[in-house]
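In the two complexes below, chain A is the common chain; its partner is chain B in one and chain C in the other.
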Partner chain A sequence: MDVTEIFNSLTGTFPEAISEAAVESKIRARAYVDKEKVKEVCQYLKDSLQFDHLCVVCGVDYIKRNEFEVVYHIASYNHPVVLMLKAILPRENPEIESIVSVYWNANWYERETYELYGIVFKNHPNLKPLILPEEMLGEWPLRKDYEGFPNKTARNLV
Partner chain B sequence: MEERLEPNEMIIHLGPQHPMQPGPFRLNLRLKGETVIDADIELGYIHKGIEKILENRTYLQGITIVDRICYLVALVNEECFVGCVEKLLDIEPPERSKYIRVILEELTRIQSHLLGIGEFAEFIGFVSMFMYAIREREEVLSLIDMVTGARVTHSYLKFGGVRNDLPDGFKEKTLPVLKGLKKEIDNFEQMFHTDRIYRERTVGVGVLTADAAKDLGVSGPVLRATGVPFDIRKNEPYLVYEDLDFKVCTETAGDCFARVQVRLNEIRESIYILEQCLDQIPDGPLFPENTLYGRRTPVMRVPAGEVFYRVEDPRGEMGMYMVSDGSDRPYRVKIRGPYYPTLQALPPLIIGTTVADVAAISGSMDGCTSEADR
Partner chain C sequence: MGEVKGKKTSTPNETSVEEIPGVITTTASAISDFLKKTKAQDLINWGRKNSMWFMVQPMGCCGVEMIAMGCAHYDTDRFGIIPRNSPRQADVMLISGYVTKKYLPALKRLWEQMPSPKWVIAIGDCSISGGPFYESYSTVQNIDEIFPIDVFVPGCPPRPEAMLQGFVELQEKIKAKKDLGTEY
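And now, the complex of A and B:
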C-alpha cells in the first residue's frame, strides 16, 4: 500500500473532515482533521488502511494563534507510511474525543497531554495525572505561558 | 485501585524502590491468594521534564540533554535528536560519519542487550549470569569510551557529523572483542537452553500473542518475540542500514524465553553489522563541506518546520516530533520512547499470573523507567 493510495482513500472517504492534506514524501503524509471526527477517522484508518500502530499523541501550544494542536502520529506494522493527523482546539476549554477505544495505547499519551496542557479527552476511561503529582494539576506546565519554570519549582524546594 | 478488600485479598506495592525494577515506578498488585487479579502503575518518580528543558535550550545544548533520557542508549537518543535537526536543516552527514554512527549505535545495542539479559537473569535468581553479562558489557563500553571519551553519556554526535574520528587501532582492538563476544553468546545460549530451572521460570511465562502485542502497541524485541518482523532499520532505513546485510530476528513463542532469545540473536546480528562496517568504512571528511555546521557549531537558527523521525532503539521504536519556529531553540519536542508503551502493557500481561512470575515478566521487558518518565 503506497502513500498516494492511502491519501486518495482518506480524502475520498472524509471530504468534510479532512483538510489541507498533503503527501510529504514516500513515507510521510499529513492532514488536518476536524476535532469532532477524530475517532471516526482513526477507526477507518485502523480498519481499512492497515494503520494499526499508534506512535504517539502529543499537544503543541501555538500561543500566538491562540490555539492548541493535538498531533497524532499513526503508523503501521505492514507498510512504512506514517500519517500525521492534527486537530485544532481553542485555548479556552479545549476538548476532544478520546481514541482509547480505537488504539489501546493512546491511554497514557492522552493522560500525559491532559496533565501537561489541560486538554480534556472526552470518554477517556481514566483521565487523571500520570507523571506529575496531583498538586500540579491545573498548572499545565507545557503551555507557553507557564511561568513556573524554573523559578517556581526551585522556590518550592527552598 | 479500589482499596476495599474481599476476604483472601491483599494489595502489595512493588516499588518505587524494588530490586526487580529498572528504575523507580510503583506497581500496585491486588492479589487473591497468590494470583494477581488487578494491577496498575504509578509513574513520575524520576520525571525530569526533558521536553520542557529542551524548549528552553539551544539545539546544541539539547544534544547533552537528550543523553539523559536513558543513559544506557544515549547514542541512539542523540541520533534521533540530531536526525530531526538534520532533516530540518536539510543537511546530510558524509559517508564516513554515517558509518561511525552505525558502529557506535550497534555497540550501544550490544551493551544494552547484554545488560538486559543479565538483569533479567538476576531477577529470576540466576545471579552469576549477571556477572558474566556485565563482564562482556564492560569490554564493549571500553570500546565506546575509546571513541567518545565517556562510558554512558557521550554528547558525541553533532549536526551533520560526529565530534571526532575513530582513534588509531580501533579496528584492531574491536575485532578480538567481537570474536570473544560471539563465543560468550554461544555459551549464554547453551546455558539458557540447558538449565532446567531457568527454562521452568521462563518457557510459557508471560505469553504475548502477535495480535495482542499489536493491539498493545509494543515494539522492539518484545514484539519481535511474537513473530512480527517490525524493525525501523528495515522498515524505514536511516544512515547506511540500507547497504548493510542483516536480518530481523524473530521468535514465535512470545514468552520470556523467546524475548531473551531474540536479544541474543540480535547481538549476533549486531556483531555481523559491525564486521561489515569495519570492512567497508570509507575515508573522507566528517562533516559536509560548504556548511556552517561543523565541529564548532555556531549559534544557529533552524528553518521553521516540523519533522517526525524514527530510529530503532535497543528496546524498540524511538521517535521524536520536533517543531521549529525559526529561532535558535526548538518550539516543541515530543519524545516517543519505546519503553513507555511496553510499560503500559505490563498490567494486562501480569493479571492472572502468580506473584513469582511478576519479576520474570517485568524483567523480560528490559526497561528503563528514566525514559518512560523523561
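And now, the complex of A and C:
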C-alpha cells in the first residue's frame, strides 16, 4: 500500500471531513480533518488502511489566528507512510472528541495536551492532569498568553 | 534559660519545683544550652563535622555526580561522609537539581524526617538560581527561602571534587560555629 493509494482512499471516503490534503513524499502525507469527524476518520484509518500506530497527539497555539490545532501523527507497522492529521479548534471553549476508544495509547497524550493547553477531550475515560500538580490546573502553561513564568522572581544567589 | 544550680534558693517563682537537699535538679535542654556556651561544644562539633552522613536523594543530573562522589573512586569515607538511604539516618541533605512545584512537598517531608542537627547543601545551578530551568513554569525559585542552605556549590553539574570541597567548607563552618544547622 503506497502513499497515493492511501491518499485517494482517505479523500474519497471523507470528502467533507478531509480538507487541504497533500502528499509530501513517499512516506509522508498531511491533511486537515473536521473536529467532529476525528474519531470516525481514525477508526477508518485503523480498520481499512492499516494505520495501527498512533505516534503522538499534541497541541499548537496559534494566538494570532485565535485558534488551537490538535495534531495527530499516525503511522503503521505494515507500510512506511506517516500521516499527519490536524484539527482546528476555536480558542474559546476548545473541545474535541477523544480517540482513546480507537487508539488506547492516546490516553496520556490527551491528558498532557489537556493540562498544558486546556483542550478538553470529550468522552475521555480519565481526563485529569498527567504530570503537572493539581493546583496548576487552569493555568494552561503552554498557551502563548501564559504569564506565570517566574523570570522576574529568581535571584542569582552566587 | 535554666542553668545548672549548685544550691537552690527559694525564690517566689520556683516554688513549684520540689527542693531536695544535696541533689541538683535540671533538664536535658538546660544542660544542652549550658554546654553550647562552653568548650564542650567544640568537641561536639568536632564529632559532628567528621561524621556528616548525607541522604542519597538524587533529583537531577547532579544526582549522578553526587552518587559518583559517594562511591569508591572519590572515597568520601575518609572525611566521614557516608551516603545513607534513609532520611532518619542522615545529617546532610543535598538539593541536587531543580525543585519542581510537584516535588517540593516531598522534599519538605524528607527534610522534616531528618533528625537535628541537619544541614543543607545546594548543588548545581538549578537549585541555586534555576539554571537552564530559570524561566520554567513548573520549578520553584529562590530555594534558599525555604531551606537554610549553608553551602552553594555552583556548576552544571559540579565535579565530584567540587561537591567534596563543598562538604569541606561546611566542615569549616561547623568548626567555626557559623553554620545554620545548629542554634548557638
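By definition in this document, the second predicted complex is superposed on the first by the 149 of 158 C-alpha atoms of A that agree within 3 Å, B and C clash if a C-alpha of one lies under 4 Å from a C-alpha of the other, contacts with A are read in each partner's own complex, and residues count from 1 in each chain.
In the analysis below, a residue touches a chain if its C-beta (ideal position, glycine included) is under 8 Å from a C-beta of that chain, and two chains touch if they have at least 3 such contacts.
It should be emphasised that the depicted structure is a prediction, and the values quoted were computed from it without experimental measurement.
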Please tell me which partner, chain B or chain C, touches more residues of chain A. B
After superposition on the shared chain, which partner residues are touched by A:141: those of chain B (first), chain C (second), both, or neither? both
Quick check for you: in the superposed arrangement, does A:32 touch first (chain B), second (chain C), both or neither? neither
Just checking: does A:132 make contact with chain B only, chain C only, both, or neither of them? Give me first, second, both or neither. both
Overlap of the chain B and chain C footprints on chain A, residue-wise? 131-133, 141, 149
For chain C, which residues are in contact with chain A within the complex? 101-102, 122, 128-130, 134-139, 141-142, 144, 152, 154
So in the complex, which bits of chain A are touching chain B? 27-28, 52-56, 58, 60-61, 71, 73, 77, 80, 82, 84, 103-105, 107-108, 129-133, 141-142, 149
Complex contact set, residues of chain A against chain C: 131-133, 135-136, 139, 141, 146, 148-151, 153-158
Note: in the complex, chain B contacts chain A through residues 43-44, 47, 49, 51-52, 56, 214-217, 219, 228, 230, 235-236, 308, 310, 317, 319, 321, 323, 331-332, 334, 336, 340-341, 344-345, 373-374
